[in-house]
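What follows are several structures.
Below are two complexes that have chain A in common, paired first with chain B and then with chain C.
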Partner chain A sequence: MAITKIAEVTVGSGGVASIDFTSIPGTYTDLMVVFGIRSGRANHSDEVDIKFNGVTTNLSGRYLSGDGASAGSGSVPVAFAGYSAGSTATANTFGNGQVYIPNYSGATAKSFSAEGTGENNATNSSRLIFAGLWNSTAAITSLSLYSDSANTFQQYSTATLYGIQKGSLAGVTVS
Partner chain B sequence: MASAQVALATTTLGSAASTVTFSSIPATYRDLRLVIQGSLSAGSNYFKLNFNGDGGANYNYVFMRGDGTSATSGSSSNDVSIYQTPSSIGSGVNTMITADIFDYGQTDKHKSTLTRSHSDGVYVWAIAGRWASTSAITSVAVAAYSGNLNSGTVISLYGIVSA
Partner chain C sequence: MSEIITRLEVNCATGETVEIPLTAEELVQREADAAAALVAQAERESAEAEAAAVKASAVAKLAALGLDEAEVAALIG
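Moving on, here comes the complex of A and B:
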């Protein structure tokens, strides 16, 4: 099996400021984070950011997004992970997304991709694809999801960290 | 998870190569997933994907692209490959590609692909491709349009098992 669940978090009552995964072993090839989050921001959505090893510097990226009416692209000095639902979004909706980080323990700059949607059973729902770079040669040993607007993640928000391991299967050759 | 992802093969290029080919892929999975992280040599410009050694004009794709300022869309019909970075990128620009190849072992349908890719600081793409063939895919080739895949490029192939 190439995908291993490393850890899973479900937010309890009262909410949390961030979801943190620490002491990530360097034994996998890639990492993947899958989340469903609702934040306390008084809006239909909130932006979920990600940081590695507790650092918010040397981050950059480009996004491609659509909201049902128009598409746009931009460059940002932060790391988008996706959208969460905000407190005015349809009840019981959570923004869902996935972040994929290849070669996370290598001694090269860390590229990653993210995609997600801010769920809302009304207008103002959106879809995001993000291309990110953490320009650091440090191995990633921890990562955190947090609200760009510094709001709390609400109860029942979840995030799961997976390790993806390279390998080979008898019969398949590569040349 | 509703599906399992099985590692089939991985290569890390120790020297530049024009093409990496995964061969003898068994038809025992539902889908395939290709993950690429690496870069191209000068003048190569594009990562591209071919199946079963078919270099004919049997590939079609449509893409949307963001460059940090605006979003655009384009397409190509009867092409000789499915471009995984369908815009010219510079040499040595770190690029990440995740391509899903659906129902690759089926012989009653053309083969569809969905790709998310980006080159750092240049573009981000989402690409939908089609190989106009009902043949089961038994080999997948990743190549540079011209020139080479740079040393250090990592390419992994996974099989996806239905739940």
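Moving on, here comes the complex of A and C:
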């Protein structure tokens, strides 16, 4: 198994609506996206969604969530990637999360998993785990992270895309 | 002057990173997605509240039958 950093990006001043990785090579076995994001949403957190190849169709998933006040679970027709910190979260904190996408370049439907937390030094801090499906046989060549509520990702937010190559390393096997 | 909303694109083949202003179509789609997300969020919260209310009702009925807290927890977790 080998993990290779494909690309890394940091948001500049002014913020952006989304972070888009394009022209993803099909040479790896799996993909993993790791992010640290702060959103402009006036809340302690903001949902970060992911879409593949620029479309939001044929997506579904199950989530488990909690925010310090209540817990939830259910099905959704979108793809959660995790949470960002919102603008009322503790200053200078960034929500973090990761999405793992096995067999992203194959000709079968793409399952994926995600987890993330909003990070907030207060009672309310959102936490999420998600099992998703993009029901498409197309190889994933691009992916985008964006705010569920159409807010912007703030300066110094980061995202990194890794490629996972099958094989064994230190007792961990990807096949 | 209105704010220019951009997206940050990194080309994994070249490593080039560019900020690209959203097109008019993308702006409209973004607003539509956000509106749909609000509706979906309200539906999720409603479903979760309904499930919590049903659970509370079930717990109350079990208690009325004489089960103590430990016995109720053993049944429903």
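Going forward, the second predicted complex is superposed on the first by the 164 of 175 C-alpha atoms of A that agree within 3 Å, B and C clash if a C-alpha of one lies under 4 Å from a C-alpha of the other, contacts with A are read in each partner's own complex, and residues count from 1 in each chain.
Note that in this section a contact is a pair of C-beta atoms (placed from the backbone, for glycine too) under 8 Å apart; a residue touches a chain by one contact, two chains touch by 3 or more.
Everything numeric in this text was worked out from a predicted model, so none of it was measured.
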Check the residue A:F112 against both partner chains and state whether it touches chain B (first), chain C (second), both, or neither. first
Regarding the shared-chain residue A:A131, is it in contact with chain B (first), chain C (second), both, or neither? first
According to the stated criteria, A:S73 is in contact with first (chain B), second (chain C), both, or neither; which is it? both
Which superposed partner A:L161 touches (first chain B, second chain C, both, neither): second
Now for A:V174: first (chain B), second (chain C), both, or neither, which partner does it touch? first
For A:P25, using the defined touch cut-off, is the partner it touches chain B, chain C, both, or neither? Pick first, second, both or neither. second
Using the superposition described at the top, list the residues of chain A that contact chain B and also contact chain C. 72-74
Chain C partner, complex, touching residues on chain A are 6-7, 9, 11-12, 14, 16-25, 47, 49, 56, 70, 72-74, 76-78, 144, 148-150, 152-153, 161
Chain B contacts chain A in the complex at 1, 4-11, 20-26, 35, 37, 64-71, 94-96, 98, 116, 118-126, 152, 154-159
Within the complex, which stretch of chain C touches chain A? 5-15, 17, 19, 22, 30-31, 33-34, 37-38, 40-41, 44-45, 47-48, 52
In their shared complex, at which residues does chain A touch chain B? 1-3, 29-30, 60, 62-66, 71-75, 100, 102-103, 108-109, 111-113, 115, 129-131, 133, 164-169, 171-175
